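Here the chain labels run A, B, C and D in written order, and each chain numbers its own residues starting at 1.
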Amino acid sequence: MTLQLASVDALVADLADGAVVAAMKDTSGAPMALARALIGKGVRGLHLVNMPTGGLFADVLIGAGCVATVEGGGVSLGEYGQAPCFVRAVKSGAVRPLDTTCPAVYAALQAGEKGIPFMPLRGLIGSDILTHRADYKIVDNPIAPPGTHDPADRAMRDPIVLIPAIRPDLALIHAPLADRDGNLWVGRDHELRILAHAARHTVATVEQIAAGNLNADPLRSAGVISALYVDAVALAPRGALPCGMAGLYEADGAAIAAYVQAAATPEGFRAWLDAFLAGDTPARRAAE
Amino acid sequence: MAESYRAEELLIAVVCRLLEGSRHIAVGVSSPIPGSAALLRRALDDRIGGTGPKVSVIGAESPEFRTDGGVDMFDCAGQGRVDAFFLSGGQIDGEANINLVGVGDYPRQKARWGGSFGSAYLYFVVPRVILFREEHSRRVLVPKVDFVSAPGWSPAGVYRPGGPVALVTPLCLFTFDKARRRFALASRHPGVTLERVRDETGFDFDAPGNVPETIPPQNEWLALLRGRVAREIADPYPKFAARVFGAAPAAA
Amino acid sequence: MTLQLASVDALVADLADGAVVAAMKDTSGAPMALARALIGKGVRGLHLVNMPTGGLFADVLIGAGCVATVEGGGVSLGEYGQAPCFVRAVKSGAVRPLDTTCPAVYAALQAGEKGIPFMPLRGLIGSDILTHRADYKIVDNPIAPPGTHDPADRAMRDPIVLIPAIRPDLALIHAPLADRDGNLWVGRDHELRILAHAARHTVATVEQIAAGNLNADPLRSAGVISALYVDAVALAPRGALPCGMAGLYEADGAAIAAYVQAAATPEGFRAWLDAFLAGDTPARRAAE
Amino acid sequence: MAESYRAEELLIAVVCRLLEGSRHIAVGVSSPIPGSAALLRRALDDRIGGTGPKVSVIGAESPEFRTDGGVDMFDCAGQGRVDAFFLSGGQIDGEANINLVGVGDYPRQKARWGGSFGSAYLYFVVPRVILFREEHSRRVLVPKVDFVSAPGWSPAGVYRPGGPVALVTPLCLFTFDKARRRFALASRHPGVTLERVRDETGFDFDAPGNVPETIPPQNEWLALLRGRVAREIADPYPKFAARVFGAAPAAA
């Protein structure tokens, strides 16, 4: 079952407009090379699930007009500030925010991973998140300890929120390493495994291709996503830039700061995007 | 003689006092002052022969402070294994409701922030949540938040081992009275009057007849802060450490 | 926060009669050295949760009279046949079986790990497992897709079982490696992490103590149980024998076969147990 | 001329035919014959230029066949990513209910087996469950099981993408008619009469007027079985491989 290496563009060639796509927070390997491919393809109307939050990857996709709905715990560039395209798109109504809290995103994807329709989650009750999430249900905990669950006593009914499962059509991953059997190594980033399991299909760009089977190495195999869950892999060295890859390279802070400045206006974002799509990567600029 | 100290050092000391007795303190993203306070707490506890609290810093790289990832961190809190956490808000109101989403009618708000992140969960399950905000103004401390990312209190019957204990700002320390669902002014920072706190706070709060002044950080606290803590906080927050303490990372 | 190495006996010294203890299937590191300590201590009335099944470890504890309730997907010695003490104790009523299906054990412990009161699970409906598990609840799936959930139509209500969380008082682990900070390395056996997270306390025997912090190694750290969850560690080389440790040593098949033969009668088991408690390990016998 | 074959090889061939078109076959513990059938299926599919199914063998050590552990395997099945699995029963009845728990009144039964293991879940979610039992007798194939570890069918409205498709024994192959909730005799193994099947089966089943004889394994299947499959099955089942095929593990 040897996997053929694909081009980055080929990984998303079959993705339909309106699909549910999911990616992890920027610090778990932002699939920026895949963002370039998605925008180049001109995909529209995506339901983007940020696991559990979005950053530059999400903001660029939103700015490029690929996204109709953005779901997750939040979108932000962290120490670089608010995500400009996200903020603009939500205010203008160009994008529908499906706000929630981070552990609810994890719960939804873990439910998807397990093939169960929902996962209960503590918290949320009394928040306006719940006001705007008709898909979340509150039920009286049927497992409440004896004495705490008197149906006549509203104060004792132990309400709990059920989070519906999410099974993304496509998970987008940028990982440090794959082997030619299609296994991905993600190290201690166990949540990437949840993502790949929950998604119906998973594609990945990787920094490097390993010699041999990753599962044959007792140390590597603790951090592997099995090929069973991986549809296609493409090589994309430094494919997370300008975001960083833990243990491999740092985020390019100057490039992210420049993005924030450029994307403050739609025109500025458009100019940034043209350069991004043309492959004007920070690495290339540094070489000039 | 008491040494002079920076505003950040005062806030760190205030937060540090609130963390006494914690066994596991988690620090979220973009929280250098709470993070420093947690590390100072640990350094102090270590000094008196005890074992300082475990400090988990979301986003830290060093094995000592980093978490096993988001799922594990939320699960850990759900298990009751996180004693203290920090939250903030674009708006915070007098019932300790916090708003991290935006201002105006949802969803097309006139101001939009990042989102609620972990607040709507952690505020419920972490026993000692400390609200921290570096801006004290009527813009931030409002009568009623526009969007409740996480409520300050819950009706009886709602599972809620956690919630707010205090709100720390550059002007003062409020404690939160869970039963009365109100903040009380516990101390005003040196040089700040009660009148100024009232002027710049958009919600009503309790205040004793004579509001004490916040105790400044002792010399020995400052020494720990500028030594061990400064080196440790430089792992997740190198810029903050350099700016406030002139420190480089411990491992560098 | 450097952990003091304990003696194996000290790991379970505080365990109260009647506690809920949990251990994983024999192939994930049978804590046989801890079995010896538990039996030596004379603990009684344990509620033993087998994750998800029991083998030699469970059978020996049951035979020694430590266990009042045995919960899990089954108890068996696999290719060596039925678990003799378990079968005898269930038939005589000495032990109460809490039968379930393997994924329900995992679901219960994952709910415990998450601090949620229950986890839904597909399957089980119409089984006699459910008949005898009053603690399992069937509810109508509140998240059923539109059209499939007409309360008037009994056939369309999508019933689903809710498995109550389990939070063992003590998890018992035998792992390949620990460091002096109290981190355990369990490699690709991710379920051991679930077990330690779900349990209120965890103790472990290990084959070896690592130099340095396991989390400092990017390869090791993918397979680590954080010290946060580990109360105490003791060194017990070959502490799983006569069961095996994947990658370290094989199970001692002859010793297990001898156990099956001996344990066919209570007297035979008692003789076997005396030798086991006296430390008459297969390794020692082999040396004779 | 057809080669002679062992009884195990016939059963492997019967099971292998039932696995046609599977993309992922999972094999539980203590299942050398189903495991060999899955590996034969893969070898056959590989030969005709296609990509053979993924075969996961619970308990296998080699990276090629082993699973990521129990939680992942059950989750994988829950996701719909396991096409075929094998179950057995101390008792199996005419409605395909299986009993892995024991005989007599629960819990203090007169015969007690290991337990239901994964059956009460996998029987519901794996589309193609093949029941396999090496004993064909009225003791095993009963009118009604004493304890339903997992039911053979479920009422409308119960989520059940999975269930039994067939029952393979040393005497015959039954297929299961889900709508009628009954087994039908599909073929009797060479030398076995319909009368013998009826005599040794405790439940009623359908049988066509002329029950065909099970097709023995072709020579090319036997060659694959005794070559590649024998080497592969020796990883999880060395004793079986040595006994039936005289084979040593592929990696040895």
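One rule holds for everything that comes next: a residue touches a chain if its C-beta (ideal position, glycine included) is under 8 Å from a C-beta of that chain, and two chains touch if they have at least 3 such contacts.
No experiment lies behind these values; they were computed from the predicted model shown.
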| item | value |
| --- | --- |
| Chain pair showing more contacts of the two, A-B and B-C | A-B |
| Reference chain A; chain at largest CA-centroid distance | D |
| Separation of mean Cα positions, chain D and chain C [Å, integer] | 28 |
| Gap in Å, rounded to a whole number, between the CA centres of chain D and chain A | 40 |
| For chain A, residues that touch 2 or more chains besides their own | 114-116, 121-122, 141, 158, 160, 188, 190, 221, 224 |
| Chain D: positions in contact with at least two other chains | 68, 72, 74, 78, 125 |
| Touch-based graph of the chains, sorted into line, ring, star, complete or other | other |
| Interchain contacts (touch definition) - all pairs | A-B, A-C, A-D, B-C, C-D |
| Residues of chain B defined as touching chain A within the complex | 29-30, 59, 61, 68-72, 74, 78, 100-102, 106-110, 112-125, 147-151, 154-159, 239 |
| In the complex, chain B residues that touch chain C | 24, 51-52, 54, 63-64, 66, 68, 72, 74-81, 125 |
| Contact set on chain C toward chain D in their complex | 25, 27, 52-53, 72-76, 78-79, 82-83, 86-87, 90-93, 96-97, 99-104, 106, 110, 121-129, 132, 153-160, 188-191, 194, 246 |
| Of chain C, residues touching chain A in the complex | 107, 114-122, 137, 139, 141-144, 158, 160, 162, 164-165, 187-188, 190, 218-224, 247 |
| Chain C residues touching chain B - in the complex, by the definition given at the top | 1, 112-116, 167, 197-198, 213, 215-216, 221, 224, 226, 228-229 |
